[in-house]
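Two complexes, one shared chain (subunit A), two partners (subunit B, subunit C).
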Partner chain A sequence: MNRIQTEVLVIGGGATGTGVAWDAALRGLKVVLVERRDLTHGTSGRYHGLLHSGGRYAVKDSHGAAECIAENQILRVTHAHCIEDTSGFFVVLPEDEGEYPDKFKAGCEAVGIPCVEIPVAEALRREPLLNPRISRVFEVPDGSSDSFLAAHATAQAARNAGAQILTYHEVTSLIMVGGESDRRVAGAVVHNVVTGEDTEIHADMTVNAAGAWTGKLAAMAGIEITIMPSKGTMVAMNHRLVNTVVNRCKSPSDGDIIVPSHTVCVIGTTSINVPEPEPLRIEPWEVKKMLEEGDKMVPGFAQARVLRAWAGVRPLFQDTYTSGKGRDVTRKLALLDHKEREGVAGFLTITGGKWTTFRLMAEATVDDICRHLGTERPCTTATTPVPGAEQGHYWVGHRLHEIEEKHLQSELVCECELVTRTMIENAARRNPLLTLDDLRRDVRLGKGPCQGGFCTYRATGILHEMKKAGSWEVNMSDDASSAAKWEVAYLQSPGHNLVSDADSHEDNGRAANTADSFNPNLLLRDFLQERWKGVTPILWGRQLKQERLDELIYMSLMNVDHLPDKELSSPVTEFYLFDTTPTAEEVADV
Partner chain B sequence: MSDLLVIGAGLSGLMAAYTAVKAGMRVTIAAKGLGSMHWGAGTIDVLGYTATQPELPVKRPLEQIQSLIQQNPQHPYALLTNEHIAQTLATFVALSKDIGVPYGGATNPGDNVLLPSPAGAARPTYLAPKAQLAGDLSRSEPMLIVGFEGMRDFYPELIAENLTHLGYPARAAFLPLKLITNRRDSNTVQLAQGLDNKEQRALLAAALRKIVRPGERIGLPAILGMDAHITFLAELERETNSPVFEIPTLPPSVPGVRLYKAFRGHLQSLGVRLTAGLEVISTQTTAPNGVPGAVQWVESATSARPLKLRADKFLLATGGILGGGFNSDVNGRVWETIFNLPLTIPQERADWFNPGFLNPQGHPVFKGGVKVNASFQPIGANDQPLYANLWAAGNLLAHSDGIQERSVEGTAVATGVAAAQALSG
Partner chain C sequence: MHTKSWHSVGPSLDECIKCNICTSYCPVAAVTDLFPGPKYVGPQAQRFRENGQPQTPDHSVDYCSGCRVCNEVCPTGVKIAELNARARAQIVSEKGIPLRNRLLGRNEMLGKLGHIVPGLANFGLHNSFSRVMAEKVMGIARQAPLPHWSTDGSFGDWFKKTQAQRLKSDKKVVYYHGCATMYYEPFIGKATVAVFEHNGYEVLVPPQNCCGLPMLSNGEFGAAADYHQNNINKLLVYAQAGLDIVGTSTSCTLTLKEEAPELLDMDSDNAKAITNATWDIFEWLRERHELGELKTDFRQMNMVLPYHAPCQYRAHRVGKPAMDIMALIPGIDIRESHARCCGIAGTYGYKKEKYQIAMDVGAELFDFVADQGGDVEMTACDSETCRWQLEHGTDLPSRHPVEILAAAYGLYDLEKRQLL
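Up next is the complex of A and B:
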């Protein structure tokens, strides 16, 4: 078995885990991060992309609200390119009139959230599709975030500071030492799900940042943490029906936020307690509820074309929660020191919180790590931009602008999301990649209206050509130098990917992987199934027609259901196979 | 005033129009778009796979249709005898030769031919454009699959590797894309149009001659000219001294466009009026109690004002969910878009799908459609025709999933011809 010695082991490659790795590495600690799938496979990759101003919590959870606004201001600098400065409206619909709007305004003022009531006419001028029957509008500094890019950028910043990031490494056990009175977590045994190798990672401090899997991981140390997995379903629409984040000005409930995100907009969410973080069913009533609620804010919303639905899990933590209602649990962060709580040293759990407060969660965690290690090192993440932040905020036309300016039309592989061939080639070489789904997170491949109909084949063909030419190796090895070029700052920018790394013939620093883990037919089948997984809950109308075209392409034209290598599967094949085709009982419930 | 108004310009609509005009009718075709030939491989798939043996390609489709019908007695093919299906396919082959887009089949008559797919799978089909036939995987010559660097819709390495893996020796090679185009951005149709140019053709032939080895046959993306592809194919075979074949690409399908253009031109020369861009938006029908009603006119949107289209007889060939013949909503409602004909599709979303994208049993939502009687007239609950002067053909017919079965074009040809024969007889 391989062996790695480190000071800090972070378990979980979501926003929180990458944040902890970044913070700890900046403070000069030796850090290893392990993630069982790709970065943001969990909740960080399945949320609606809202950069909270804190307004949503201003009335009921002032602590959570205060954390949000402070972090909102920081992330706008440190992760500028991962954020679109959309601003946010809290709108009062006829059915929401009452005391709440004034409480909302007072709540925002109390915690320092800039909140300006603007004339309804002004709001309608900026957002013409908004319900004209709204009576009041408050503007707050909400934003839209790209949590995929942000986690990658944070991970790269961590790497640049010396951290080692190991994706597709699953914890199989925690290394427990000591007796009844001095129990300690001394690291973890991780399994490389691609190569099958096991590695012992010995660490002075182990951080549980496993999000929805927090409870399961803690159980490996014999510790019980009651995490309430609360499922939230989101629905992406084919258009940016609004350019501003639109919230209902009322007590938070289902389907009351619309977030513009890249070329689409996302409505969320439901809140349902579930027993397991995965797999998650999306039920027909949830989709219907989202559309009905969206229609209240933006009349006609329910008739617009729906692209996709997905669900994530909020890892809600409350020591003594009793009500069992997801939205009553505080969204402030929870740092659990298991030495103090259960007498298990060397082990911290960071949970609760939300994407907007991931940096603060990391800061609190690493402060505690330093205390345990007996060292005093100040946190610097609040003033240290991650790679790529110098590009400034995201704006929706940037890809089209770069493609037109640099004449990249012939390079387009994904017309829906404007992904060029070199973006794919460079992402594949700079970022560990096992499935096309990883590429989706890197460059937005397949996220548009055709849901992979055209680009699945093209991306498979391109990666296969690269593999043949020896310009790309699937590399998932534990070698610290293996991802020396893991560089994500400009992954999403066509204009910064004019030259393919593959053409430079320079050594990319990665050891060749002889494992037969790349198979084009598996890549193709996995991604087609992954895309299907997310469309089954919303297939009707034009999207059903689109799906039939995708069937024509992949069955009638390509005959991919009769390609060789049918027996092969990847570590995520099974996950993709769980699709949420509606059942009779669920439809009857609507 | 026409004798027959065909709604839809896909393969079934065109075959029906051809059959009717040959029978002496005055025919008009009104279509919303260009028809679904622009999407597929351009082949005539009659029956490729069956639900009972989804892994095995059907060897002799016309014979296999009999056991298909035993299992699924309401399948559209059951509306015709085997001989009749064979006749309609023969009609298509003869027509294809007349219009300069010749089709053919396996060396052994009646067999399916296996051809390379753009992913390198072996796709079973019954009739293919002559330009694809040298790709017949029962032939022994090794294949040289040639692509163009940077062409986004064709991947020769992938094709060659999968074919080799399946036991059909193949290797890949690339030529520069700028050899055949200097456009900044080209789709397959534009590339094909570029190769109608003599200079580009000579350059490509010379380049291929340099890379092909004796005894090989050459597979290229299906872009070898739009209007003069047969001439070009012969040129290439002569210059390279090798058999040359096309492999279909992602849409738009050049083989499909060639067939559509040639077919449309031929129909127009026979006096058929074909207008695209005429989406039917309303209809006028009579429906007396207990007896079949009649379609009086349909009205279509135009840029100026709605246009009434009158005819003695109407033939609906608008396709299914993909073609636009059916629409659906969040509540599980699926409806036929022009006459709101009853459909066999389940009206509950829970009943629409089986799990998995590539489920070998397909999805029920794609299997349902319009029920017709033996004369191809849409029928209601009492099995009586709904309208005395309305017929239907093609992939809107109930009880088959053409994409799953690989029977899309076979169904279109057979039912298109047979429905027109029924209504003109």
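Up next is the complex of A and C:
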């Protein structure tokens, strides 16, 4: 078995895990991060996309609100390019009138959230589709955030500081040492889900940042923590109906926020306790509810074209135990020191919180790591921008602008989201890639109206060509020595990918995997299935027309139902299947 | 761009299924790499345009000629050409409008100016020195088929002068002549009046102004809105009295009917009244014919006549009424071009950087005319700028179908372009 020795092992490649790896690496610690799928496969890649101002928590949870506004201001600098400065409205609908709006305003003032009441007419001028019957509008510094790009940029920052990031590596067991009185986690055994190889990673401190899976990881150390996965469903519309985040000014509940995100806008969310974090099934009533709620804020919303629906899981952690050092930050986020709790040393769990507070969560975690390792090293993440931040805030027209300025129109592969051929080639070389879904997260492939109808076969062809030309190998491992070559922070920009990396990355020292795992037919099938999963819950009207065309392209023209290599599957094939088990209601109907 | 309301053209982008049919039909995309095509500049780019962005994200939409072929072929009803016109307006509002486009947008003002001393104006505009200067200073292509001012007085002058001779009748129709007939081609108006009167209609020519289309296509929406409002104010009483407002310029009638209210989000009851009262001349004549009211006392006209239905005609969605009516004339052999566009598209082909594109687009049509053999003496087309482009591209005279009809009634000399 391979063996790696490190100071810190981080389990989980979501916002929190990448944040911890970044922070620890910046403090000079030797770090390895393992993620069982691609980065942001978990909740971080299935969230709502809101950079909270804290307004949502201003009335009920002033502490959480204060954390949000502080982190909001920090991330605008450190992760500038992952954030669009959309601003946010809290609107008072006729049914929401009462005491809440004044409490809201007072709450914002109390924790220092800039909050200005603006005339309704001005709000309607800026957002003409807003419900004209709103009586009051408060503006707060909400924003829209891209967690895919942020995780990449954070991971790259970590790599640049010496961290090693291993995707498609799943922790199968924790290495336990010591007896009853001095039990310790000394690392983990990780399984490369592509090659099937196992590696022992020995670490002085192991951080469990596995989101909704933290309970399962803790169980590997014989620790019981109750994590209740709570599902939230979101629905994306075909284009932006608002350019400002729109929140209902009332006690937080289902479907009360619309977030403009890249070329779409997203309404969310529901909140339902589920037994397992995966698979997540989207119920028809959830979609209906989201559209009905959207219609209250933006009349006509429910009739607009719906693009797709997806769900994420919140790890609900009810335990109020804190590390006992009175560190306030542990109230909303849950940092569990298992030495203090259960007498298991070398093991921390970090969960809860929000995307907006991931940096703070990482800071608290690494503070604790340093305490355990007996070293004092200050946190610098709050003042250290990640690669790419120098590009400034995201704006929705930037891709179109770059395509136009550099005349890249004929290079487009995904026409809807303006992804060029070289963006795909470079993403495939710079980032370990197993499926086209990874490319979707890297460059937004297939995220537009046709949902992969026209780009899936093109992208498959490109990867196939690269593979045949031997200019690219499926790479599943990482090596700190090649860190400088991982310029993933710029993958989103057509203008930064004018030239294909071509052979420059050939000799990057990463172990290549030329096994069967890369098969164009499988690549095509997996991605079609993945895109299909998200449109199945919203299959009516205009998106149905689209899917009919896509069906004609793939089923009638390309006969994908009868592609060879049917028996092949990737580690994510199963995840992409749409769960067709009948619901209790449906069973009752029969 | 910001979606202003559910009724405006913006939300139609949601209809797009990305099929690229529009791209494969667009006559401009077919001849130049500078234009990435309707799908790209229309429903696709639209998702990346928003108010208040740090910069205007795109500019290639400026190469859309506005011919609307894309709208016609789109299987799902995306208002692509309108999306493009709006995007252009947004660019104009952010970047300002070049002097040239401002001038080309002011057809009516130019018409009035030149009309004062037309001979001099024609010389001033059409000598090769000023054309070179116009190209250098303003970017108006030196070879482009600019019109000539009428040296024979405006249509309005003639109509006033001949008031006493005009037919009086219970059956009345309102004539919307447009700027080109007023200042450059008054003979079209005369032929039209003759056709109306021959069918027993008294012609009313109330005060009116430019339909505003040249401004719409150059992105000056504010000015276009003023024009359209003025027309509504001037024409409303006639529409309310139940009179038909009939025009001979397909683009003007389209603007009154649909383009202006749709692009400018003008959907008041008054605007709708104008929309409902407005007809293109042949659409109106065909209606008369279907009701058995059209006189068909035509002379034999032995001629081969290549005919190009201008793209705006297709946007009316009324079929090819000029073909239907001209086909009633004995002896006439009408050959329909089926060409997508003549290229000029209003003022598009006048612009230096677009002149060659317009000629390349028109090649399909010019070749068609050439293929019809040596007997062809003239072509026909309903739209003035198209006719000028056709003449420029084929060296054959081109006539409005209403001139052909007037001639068939024995009222008009097709060659000299005057009433008999």
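Assume the second predicted complex is superposed on the first by the 548 of 590 C-alpha atoms of A that agree within 3 Å, B and C clash if a C-alpha of one lies under 4 Å from a C-alpha of the other, contacts with A are read in each partner's own complex, and residues count from 1 in each chain.
What we mean here is this: a residue touches a chain if its C-beta (ideal position, glycine included) is under 8 Å from a C-beta of that chain, and two chains touch if they have at least 3 such contacts.
What you see is a predicted model; the values in this text were computed from it and never measured.
Engineer: By the touch definition at the top of the document, which applies to A:Thr581: first (subunit B), second (subunit C), both, or neither?
Structural biologist: The first partner, subunit B, only.
Engineer: May I ask you to decide whether A:Lys545 touches subunit B, subunit C, both, or neither, giving the answer as first, second, both or neither?
Structural biologist: both
Engineer: Between subunit B and subunit C, whom does A:Leu528 touch in the aligned arrangement: first, second, both, or neither?
Structural biologist: The first partner, subunit B, only.
Engineer: Which partner does A:Phe454 contact after superposing on A: first (subunit B), second (subunit C), both, neither?
Structural biologist: both
Engineer: First (subunit B), second (subunit C), both or neither: which does A:Arg421 touch?
Structural biologist: First partner only, subunit B.
Engineer: Taking the superposition as given, does A:Gly45 touch the first partner, subunit B, the second, subunit C, both, or neither?
Structural biologist: neither
Engineer: Answer with first, second, both or neither: which of subunit B and subunit C does A:Ser556 touch in the superposed model?
Structural biologist: First partner only, subunit B.
Engineer: Would you sort A:Gln409 into first (subunit B), second (subunit C), both or neither based on which partner it touches?
Structural biologist: Both: A:Gln409 reaches subunit B and subunit C.
Engineer: Report the partner of subunit A that touches more of its residues: subunit B or subunit C.
Structural biologist: Per-residue touch count on subunit A favours B.
Engineer: Which residues form the common part of the subunit A surface touched by subunit B and by subunit C?
Structural biologist: 409-410, 412, 454, 545, 549
Engineer: Along subunit A, where are the residues that touch subunit B in the complex?
Structural biologist: So the residues of subunit A in touch with subunit B come to 284, 287-288, 291, 302, 407, 409-413, 421, 454, 457-458, 460-462, 464-465, 468, 520-521, 524-525, 528-529, 531-532, 536, 539-541, 544-545, 548-549, 551-565, 577, 579, 581-584, 586-588.
Engineer: Touching residues of subunit B toward subunit A in the complex: what are they?
Structural biologist: Interface residues on subunit B, with respect to subunit A: 39-41, 45, 49, 54-55, 57, 117-123, 150, 152-155, 157-158, 161-162, 165-166, 183-186, 248, 250-251, 320-322, 324, 327-330, 332, 348-358, 360, 365-366, 402-404, 406, 408.
Engineer: Would you pull the subunit A residues touching subunit C in the complex into a rising list?
Structural biologist: Result: residues 128-129, 238-241, 243, 263, 300, 303-305, 395-401, 404, 409-410, 412, 415-416, 418, 448-450, 453-454, 542, 545-546, 549 of subunit A touch subunit C.
Engineer: Can you name the residues of subunit C that touch subunit A in the complex?
Structural biologist: Going through subunit C, the ones touching subunit A are 2-6, 11, 13-20, 33, 36, 39-40, 43-60, 76.
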